[in-house]
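Both complexes below contain chain A, partnered by chain B and then by chain C.
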Partner chain A sequence: MIPEFGHFALILALCLSVLLCTVPLWGAWRGNATAMALAPNLAIGILVFSAISFACLTWAFLQDDFSVQVVANNSNSLLPWYYKFSAVWGNHEGSLLLWILILALWTCAVAVFSPQLPLLMLSRVLAVMGFVGVGFMAFSLFTSNPFARLLPGTPMDGQDLNPLLQDFGLIIHPPLLYMGYVGFSVAFAFAIAALLGGRLDAAWARWSRPWTNVAWAFLTLGIMLGSWWAYYELGWGGWWFWDPVENASFMPWLAGTALIHSLAATEKRGLFKSWTVLLAIFAFSLSLLGTFLVRSGVLTSVHAFATDPARGLFILVFLGIVVGGSLILYALRAPAVSSRVGFAWLSRETLLLVNNVVFLVATLTVLFGTLFPLLMDALGQGKYSVGPPYFNAVFVPLMALLMPFMGIGPVSRWKQDSASRWRAELLVPAIATVVCALTLPLLHDGDYNLWVALAILLAGWVVFGMLRDLANRVRNASSLGTGLRRLALSYWGMFVAHIGFAVTVIGVVVTSQFNIEHDLKMSPGASDTIAGYEFRFLDVRGVQGPNYVADEARFIVYRDGREVVRLAPQKRRYLASGDVMTEAAIDDGFFRDLFVAMGEPVGTDGAWAIRLHYKPFVRWMWGGSVLMALGGFMTVADKRYRRQRSVARDTLRQGEVRGAQA
Partner chain B sequence: MHPVRKQRLYLVLFLVFFSTAAVGLVAYALRGNINLFYPPVEVAEGLAPVGQTIRVGGMVVDGSVQRSSDSLEVRFEVTDYEAVVPVVYTGILPDLFGEGQGAVASGKLDENGVLQAAEVLAKHDENYMPPEVAEALEASKARMAGQAAKQEYAQ
Partner chain C sequence: MAPRLKLFLPLILFLVLAAFLFRGLSLDPMAMPSALIDQPLPDFQLTALADDRPLSRADVIGEPALFNVWATWCISCRVEHPYLQQLADSGVPIYGINYKDEDTAARRWLRDLGDPYRANIVDREGTLGVDLGVYGAPETYLVDADGVIRYRHVGVIDERVWRDTLEPLWREVLALETTP
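Moving on to the complex of A and B:
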């Protein structure tokens, strides 16, 4: 009964979404306030029914209801309860339901937290989000129903969750990633609503900006977690593969990064309005394209779920409607909303423009590399694949080009600035940067590495430029503490995010340059030394997990004769599916990770193929990404948005009181 | 020139310069870094280039996987049931690699027609077949069915 209940709730949510994307829009057109005021209530209703639907599927997983097809295919009675829970979105149908739930959450959040928004604007924004909801709910119900039953023929036990997905990272990675993906639908909805109304002003940017920042921050965290998961679970120590599915999440991030910077210029200076709208459309279209690439199976990827061409076609049509429709609307309305504000050649506006151009070009090159195999296949030119060297060759120079401008950005002024002022401001940071770039690589014993020096040069430039700006801002305060406290949270957000970017760059370059990897055949008792760490292989023994059996190798790592850590990588065989999986053992540290993974047994004397890694600074990469995300969240807590939210809370409370009275 | 026009001119010049540089970079990067997929039958017919990075995929032939006893070198064969391509790889194979399973190897073909693989891919999901391999197998099946029909017709 429960799964049918969930199915029914999803159908109701679809019906409400159809109402949401028609009635308020009609109301906005005819000036009917009652119809428009329906929008927030519909949004809440959609959230309630989506949540019921999601809860029903979760219940089916937790209760081992193997008569439900997705449960039978993706769960097992031996699975620990927390993986049963995450198995809900470890498959195509369930992850789509998660997508729908998160979209409902965002829609409802917009409805509840935007009382300062004019009703006309709010109803349009919610209607656009309702339209997106209709697309995804119809997709779920018509092509991939999560509640389909296996009756008769209910299996005794499920086929188990893919072992790679039985991991803590996979419990939180998809929800965070989807929060980001779907969050861009809010920016998109604001852009479309503004186009519909023909009014694009600084107020519009101020409404749209916190939502975009939060979505971007979630996406940053989601991508970072995906990379971290790949590192220890799948990648044999790799952390980014330029795999189509990774690119699918990375492209909206790149476009979103351009968008949050362009929104800054729009809010502060009323500039680049049409451009910002276009970027918002672009970012969300890339989210949809990502979904299409992942769900349709048109590209070979390590992430592919079981796929189905009908699903691909559905998303492609939906993508066509969304992109085509919004671009037509843009073409019709954008000239009416263009701006007439000038700015000088040397100004913060120009630097933000550079940011936008670089990120847009980066997005397009990644897009090109991702779609190139599809294009060639469609033209009958053969089955190509575009490998990581292409992406690295294009992406790395682009980011290197960006960072010199990034250092100047914070100290620069709006509207007009001068080269002489920049010179005066940045002389000290420049000297500090060069000193760091010349000396810091020397700390690494071995040859002086030019790439690392270059990375330190660029990252140091960004960091010292930021610090210079901070020094300028607190200079006039009575004490350092009051000066720091007086700074707006949105400023701190930028500060933290930019520092985070520099930290990530350092992490990526240092770990790529100084990474040491040994693949070798090791017998128990043998040892191997990398970067001064001696890995001694003790023995292999059998261990038993809740739903797997494993061979576990025991290693002790010594440095200068002293024990550093004991590591125990495993080779697991999962009982239900018979899948074999490698569980690496990692000793993490601020400056280095030590990584051991088992290949397979070699020969007859108990020897194994073993991979040993020494990875310096690899944590910096993810740490920097967390800082970037943190920066994104901080900007939203800024006073100028907080005021609006306290108002929102009051209205919400009044609403509750009124609801209670009714 | 009017300052606004001048500014626009700079902007356009900047955009043109920048996008040209980006396109050049893309073209340069693409040239060396894309590789084409060949089904085993095309490799056997000598259609695949020697000494250039390509990908070859198919089913791993049962009983063909041989591990060296003193290093991580592995030899195996992939087939589309029409032709067989021998592959040599040194390193750790992915977990889902196995005899009778689909796999894709990327590397360079040597003069003896052996693929010196730098990378071997097998997929996450054991039910899931790399699309290229699935298509190659399908094509081979269709050709063989065609030949069988022809032979029947001849008799």
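Moving on to the complex of A and C:
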């Protein structure tokens, strides 16, 4: 009964979404305030019914209701309750319902937290989001109903969740990723609403900026978690594979990064308006494209959902309507004349433009590489696969090109700046950077590594440039403390995010260059030394988990004769599916990770194929990403946006009073 | 170009992309054309996994059979293994090509998980794999009674793959054999 209830709630949510994307738009067109004012209420209603629907599916999972098909296929009575919970979105149907719930959350958040928006704008924004909701709810109900029953013929027990997904990282990775993906629909909705209204101005950019920053920050966290999960769960110590599914989440991130910078120029200077709108459409289109690629089966991937061409066709048609429609609107309504606001070549505007060009080119090269196998196949040119060599060859130089400009960015001025001022400002940072780049790689014993030196040069330039700017800003304050406190949160957001980017770059380059990996056959009692760490293999014993049995190897790691850590990697066999999984054991540290994974047993004397890794600075990569996300969240807490809200509340109240008088 | 026309550029690019995506829906990225379709199974001089007896092409042809490329390092092979067992139990002869693997691990695998194979060709160096153009494990070849490769499937064989693609071909090959 409960699943039918959830099904019904989803149908109601669809009905409300249909109302949301029609009635307020009609109201906006006819100037009917009552119809427009319906939009926020509908948004709340959609959230309520989506949440009920989601709760019903969750209940079915937690209660082991194997008469529901997705539960039978993706859960098992032995599964611990938290994995039963995350199994809700560990499959195509359930993850789509999560997507719908998150879209409803964002829609409702826009409705609730935007009292400063004129009703006309708000109703249009919500209507656009309602339309996106209609698409996804219809997709869910017509092609991938999560509440479909297996009656009669209910299995005794479920087929279990894919063991790869039985992991803490996978509990939170999809929700965060979807928060990011779907969050770009807000920026998209604002762009479409602005095009509909024919008003692209600084106010529009100011409204959509905080939403875009939050969405971007969530997406950053989501991608970071995905990479972290791949690192410790897939068992071969890699953290980024340029797999189509990874690229599907990375492309909206790249476009979103361009968007948040372009929005800054639009808000502060009224520049690049058409461009910013296009980027907003682009970022969300890539989110939709990602959905299409992951769920349609047009590309092969190591971790795609069960795919089905019928679903692919549905998303493609929806993609065509949303993206095609918005691009037609863009072509007809975007201001064709370049804005009259000018800027000199040496100015912050130019640097932001460089950012935009680099990130756009990066997005397009990743898009091209991802779709290349499909393009060649469609043209009858045969089968290709595009791997890391291509992506690294184009992506790494692009980021290296970006960073010199990124260092200048914060100290630069809007409108017009001068090379001599840049020289004066950045001379000290430049010297400090060069000194760091020359000396820091020496700390690593072994050869002087040029790539690492280059990474330190670029990252140091960004960091010292940022610090220089900070010093300038606090120079006139009475004390350092008051100076730092006086800085706006939006500034701190940028500061933290840019430092985070530099940290990530250091992490990526150092771990790629200094990573040591030994694949060897080890018998109990044997030991192997990498980077000064001696891994001693004690023994293998059988252990029993809640829904698996495992061989667990015990290792003790020594350094200079002293015990550092005990590691216990496992080779698990899950009972329900029979799947065998490698569970790596990792000792994480600020400067290095030690990683042990078990391969297959070799021979009959108890020897195993063992993989040992020494991964320096690998945490920096994820730590930097967390900083980037943190920066994104900080900008939103800025007073500027809060002030808007309180002002708006006052005007709203006045409006009410006036309404009452009339 | 007039400024307004320039704004149509993104739309045009999108339409081109959408056309490709639409075409992509009807293509199977897993389908691997093989240069060896309708070519004889390549000759080889290898050994059998069970008893190290020499094994060559002549030993394994003569009746229609499936040739399944597998290895213990291949997770997907483990996934398809129970289904292969089911096929073997229903009377479909399957030969294994144990591809770039350790003999002991492979024997252990067959002991633990069951052995659906008529015999296993030990292709430790992957030489037969090179001749066949093996793309990755698992891969399965349908070979007729004359030792001619009729079909190649890349990836896991499951109920759906068997029912939709392999079984019709299999029946065709069997019918050819009975009505010469």
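Here, the second predicted complex is superposed on the first by the 639 of 662 C-alpha atoms of A that agree within 3 Å, B and C clash if a C-alpha of one lies under 4 Å from a C-alpha of the other, contacts with A are read in each partner's own complex, and residues count from 1 in each chain.
To be clear about the criterion, a residue touches a chain if its C-beta (ideal position, glycine included) is under 8 Å from a C-beta of that chain, and two chains touch if they have at least 3 such contacts.
Every value quoted in this text rests on a predicted model; they were computed, and no experiment measured them.
Contact with chain C, but none with chain B, is seen for A:A331 once the two complexes are overlaid on the shared chain. By the touch criterion defined above, A:V323 reaches chain C but does not reach chain B. Look at A:V580: by the touch rule set out above, it reaches both chain B and chain C. Once chain A of one complex is fitted onto chain A of the other, the partner contacts of A:G603 extend to both chain B and chain C.
In the superposition on chain A, contact of A:G589 is made with neither chain B nor chain C.
In the superposition on chain A, A:G312 makes contact with chain C only, not with chain B.
The intersection of chain A residues touching chain B with those touching chain C, taken from the two complexes, comprises 297, 300, 382-383, 579-580, 599-600, 602-603. For chain A in complex with chain C, the touching residues are 274, 278, 281-282, 285, 292, 296-300, 309, 312-313, 316, 319-320, 323-324, 327-328, 330-332, 334, 336-337, 371, 373-375, 377-378, 382-383, 578-580, 599-604.
Contact residues of chain B toward chain A in the complex are 3-4, 7, 10-11, 14-15, 18-19, 22, 25-26, 28-30, 32-37, 55, 67, 69-72, 90-93, 95-96, 106, 123-128, 130-132, 135.
Of all residues in chain A, only 162, 164, 236, 297, 300, 302-306, 342-345, 353, 357, 361, 364-365, 368-369, 372, 382-387, 389-391, 393-394, 397-398, 519-521, 577, 579-582, 597, 599-600, 602-603, 609, 611 touch chain B in the complex they form. Against chain A, in their complex, chain C makes its touches with residues 3-4, 6-8, 10-11, 14-15, 17-18, 20-27, 29-30, 32-33, 72-73, 75, 78-79, 82, 102, 104-105, 108.
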